[in-house]
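What follows is a group of structures, each given as structure tokens.
One chain, chain A, links the two complexes that follow: it is found with chain B in the first and with chain C in the second.
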Partner chain A sequence: MEIHEIIRIVLTIIIGTIGLAAFGIFFGLLYKGLDRKISAHMQGRIGPPIRQPFRDIGKLFTKENIVPENAVPWIFHLAPLIGLVASISILLYLPIGGFPPLASGYGDLILILYLLIIPSLALVIGGFASGSPYATVGAQREMATMIAYEFPLAIIIVTIAWKLSATTVGGTLIQNSFAISTITSTPVWSVVGPIGFIGLILLLLALIIVTPAELSKIPFDSPEAETEIGGGLLVEYSGRNLAMFYLMDSVKTIVMASIIVALFFPYNLSNLVGLDAGSYPAYTIDIIFYLIKVLIVLVLSVTIIRVAVARLKIDQIVYTYWVPLTLMALIGLICIMWDGQFGLPRIVEMLGLV
Partner chain B sequence: MSPEATTKTTYRLPIGPIHPALKEPVAFEFEIDGERIVDVRVSLGQVHRSVEWAGMRRNPIQILYLAERICGICSYCHPMAFALAVENIADIEVPERAEYLRVIQAELERICSHILWAGVAAHEIGFDSVLFLTWQMREKVLDLTEYLTGNRITKAITMIGGVRRDITKDMVPKVTEALNYFKDNFEKLRHIFLDDKTFKMRSQGVGILTKEDALQLCACGPTTRASGVKKDVRLDQPYFAYGDLDFDYVTPDILTGEVNGDVYDRIIVRLLEVKQSIELIEQCLDLMPAGDIVSEPKIAKLLATLKKVKGEGIGRMEAPRGEVIHYVKLDENEHPYCWKVRAPTYNNILPWIPMLRGEQIADIPIVAASTDPCMSCTNRVAIVDSGKKYELNREELHKMSVEKTRRLMK
Partner chain C sequence: MISIYDFIETLTTDSGFWNPLIWGVAIVIAFLIVYIIRGFGNKGYKKETEQTKVFLSGNPEYKEEKMHVKASNLYWGFTESLKWVYKVLDKMHTGNVSDYVLWFVIIMGTLFIILGVI
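Presenting the complex of A and B:
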């Protein structure tokens, strides 16, 4: 490889990462503002202006950064940074509009699944390091929540990748079915029959219900429950560190919505309108379409759910994910298996019912 | 490390005096095992403002306005209980129309208080949409209160021997219009609070107060009625015009057929009481006779009469949260010799302990809120030096109470 080539790749990655971070933070905060505005209107309020999250961040960065006496300072300071970096790095593996993932070829869905855990872990570590009983309770709850929703999430992702791996396109089996580029180039809806379609809808619903827990939103926000433990994990955080957690949360919002979009709605408008892929008008149209898709997904999975229900207790959260939601995901999995090469008798045999 | 230190599985979690779950300062200290509450200690005295002390340096009319400021939500029942106590001492006859007007104001306050509480309870379990919905309704109650009294919160409607403002014939349509609005919206509230799944998940079987505990700990108001105890001053010892009105004790079995004494039952009781209050106001509007609204309209003359009175009296009434008692002693002086306030929350503090024991941390806010605590009403003393400790048993306490009563009677 020539030296120019290497420089070009390195530059692309550096500039691309900075661009993606700016993109994630900007739109994360924007969607946060939209979410607050929409939920306010649903509750009969006017709500804050859409730019309020930007103001909050700006103000937090100018505020004093208080470290509690009982805290372990270096972990306390490191946790927000790790969380923010991890959530931005997931963006590198996700397709944004018409652009392919920046780091495609270096990681797949399994990596994203693991990276998704890191921001939550950062919160847990930061919570334990703050040395406050509220934060400790919050951290314990966050861990329990994580364990609860990870299982249905894994089922959903594995099912879709498995379905694609068993699909033939143009006479050949799909290789690399866990790679994001494969998933986006072959929308799952196009490779299933009617029963598989029902299965996919079940999986989509399950993923929409996992999202509020990933993002610590009502009804699954018991780790941060304001009226119970006063902000929980974040109770001791202030100033710059709190701002970083806030940014992490907004980037994670974009990440979760992008995962849903990439898995279930990877369609682009440009080829429908007849624009050449790779041209600037095509990129513009695709990115606008992508942002609309993200907004719809977020309104459905965060805003509507959080205005319509009360906060659940931690045991109820764990139950919700382990029993009804896991069952839902498993039924989705069975539907897709049924639809594929197995057929019902084989599934019954595999489940050991015969 | 000693074995004791390693086997200890519980930890201490302080809630309060300042905490988002608490609308007013009160300090809890919890002993927690995982998420489960093993033990709880409550300490009061964070918002003592010496209201009684200030009252004993004012004349009875001035006290009415001071009593209003004991608590923002109970801004009618405190001055009214004081007025009842003074009327009791001075044998003041209240005109019949005023008795009905007093009922209307009292029930309006109950509607306002219960709806406000419902919103707070929803907020405690993270259901903010319901908070905003209920407070929209409360806004209408406040509008009606403003229309009838001229004020929204501190109503300044009470007068010894009557009330200060009448409800004239041309005001009635507006009142009935507002009442019809509450009736229409009541079904909406009932549906949300009693049928919503997440609401049920958070309130059913949580914070149980058994009937025995409620009786032993002398709980009062909706808290005790939700445990199945039929206790309501309005019916037990009717005051105002309650004796002429048709209503009954509100207990949860009216709706569900069983009494559990949990948070859900307390929600039921309060919601049914809102409905009952609307009906009571309607009855009052129908039955209200014509006549004076105050026995002595000249305040200077009233004060002169009260200056010549000697004796002690008790004013009891059913506030939205339970029974409020005002004890007043006059001794032919401009200022009362003694004024003692016992707010309903005082009785509902001890029931917190059996309610909270064995529940989860997540239940603390909703259980604590379920008795509708009002700390500024309750706090009559501040502990300055908490280092000194002494314990009193029942006999000693009884002896001290008798001694104090004798001292006051002198």
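Presenting the complex of A and C:
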């Protein structure tokens, strides 16, 4: 690699990180506002204006940044920063707005899985560093929730990558099946038969149910549980530190929705409409289509679920993820495994109909 | 000798790859952005006043040792929901070596049957 090539890559990453941070924060807050508006309408309320999350951040910045006397101050201050920074860094590895990931050759889906843990860990560390019993209980619950949802999430990711690695395109096996660029260029729906299709639906449902836990939303928000432990992990956070956690949550919302879009709906409209790839109208239409896809995914996986269901207790959360949801994901995996062997053509052949 | 170019190469295995340095650059830039945004916020508060006491819904605050959530309670939600599994596992752990050897033989036998049949 030449030195000017290295400088070009580093400059791309620097400018890209600035752009993606602005994108993630702005649209994260916007979608938070839309989520609140839609859920309010579903409950027969008018709800706050869509720009309310921006006002919340503004308000939090004017409030005092209280550090409890029992807290470990440097960890208490650092945890929200680490959470937000890690959330922004995941955006670099995801296809945003129909564009390939900015750091596509430098990290794959496994890396994204690991990076997803950091914001949750930052919450846990911040909670423990608060020196409050409520925050400690919240942190303990967040840890149990993390252990619970990682299992089905790992099954979903591995199944899709395994299916792609066993698929041939143009006579050769697909390489780098964990790379996001591979996953988006070969939509999984196009490489499965009828049984595999059912398997993918099950995996998609499982991922939709994992999303509210990743984002600490009802029914999986027992680590925060305002009515029970007064905000749990965040009970002692105020002012700009709380604003950082609020922004982290917004960026993570975009991250989770983008992962679902990349894994299951990586389609673009520009080539269907017949626009030249790389032209400005194509970019515009792809970005708008991506934003609509993200909105639909968020309404389905966050808004509807949190309006329809009440909060679960922590042991119910762990049970939900470790028993029904893991079973669902495993059945999805088995369906995809058997897809080639027991697909419709094979069943028809076995029954002697052909 | 390892050259600088080897050092910045992307780490690859048969199925995955990542470049820690690229992530490092992104993290540093993101940290700067976030730190600047945080700088816009109010950093003051009234030290050693009532506002620095932890929120306990008006309950009396005991000594730290009494309020602390013990390590044995850390995974309470986890152990509570999987109690039925732990109960079975508890029963298996009789402390009798001959029971453990029996389990070993049963599992080895089952494995051989599975491997032999499949």
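We take it that the second predicted complex is superposed on the first by the 332 of 354 C-alpha atoms of A that agree within 3 Å, B and C clash if a C-alpha of one lies under 4 Å from a C-alpha of the other, contacts with A are read in each partner's own complex, and residues count from 1 in each chain.
The criterion applied here is as follows: a residue touches a chain if its C-beta (ideal position, glycine included) is under 8 Å from a C-beta of that chain, and two chains touch if they have at least 3 such contacts.
These figures come from a predicted structure and were not determined experimentally.
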Practice prompt. For A:46, select first, second, both or neither according to whether it touches chain B, chain C, the two together, or no partner.
Written response: neither
Discussion item. Per the contact definition in the header, classify A:314: touching chain B only (first), chain C only (second), both, or neither.
Written reply: both
Item to complete: Have a look at where A:219 lands relative to chain B and chain C in the superposition and call it first, second, both or neither.
Response: first
Practice prompt. Once the structures are superposed on A, label A:133 by its partner contacts, choosing first (chain B), second (chain C), both or neither.
Written response: both
Practice prompt. Would you check which partner chain A:227 touches, where first means chain B only, second means chain C only, and both and neither mean what they say?
Written response: first
Worksheet item: In this superposed model, does chain C or chain B come into contact with more residues of chain A?
Response: C
Worksheet item: Which residues would you name on chain A as touching chain B in one complex and chain C in the other?
Response: 133-134, 136-137, 140-141, 222, 230, 313-316
Worksheet item: In the complex of these two chains, what residues of chain A are touching chain C?
Response: 1, 6, 9-10, 13-14, 17-18, 21, 25, 60-70, 81, 84-86, 88-89, 92, 103, 105-108, 110-111, 130-134, 136-137, 140-141, 143-145, 147-148, 161, 165, 176-179, 222, 230, 235-236, 239-240, 243-244, 247, 313-319, 322
Worksheet entry | Of chain C, residues touching chain A in the complex | 5, 8-10, 15-19, 22-23, 25-27, 29-31, 33-35, 37-38, 40-46, 48, 51-57, 64, 67-69, 73-78, 80-82
Discussion item. Quick check: in the complex, which residue numbers of chain B touch chain A?
Written reply: 11-14, 19-21, 32, 34-35, 122-129, 132-133, 136, 196-199, 201-202, 360-365
Fill in: Sites on chain A touched by chain B in the complex
42-45, 133-134, 136-137, 140-141, 218-219, 221-222, 225-230, 307-316
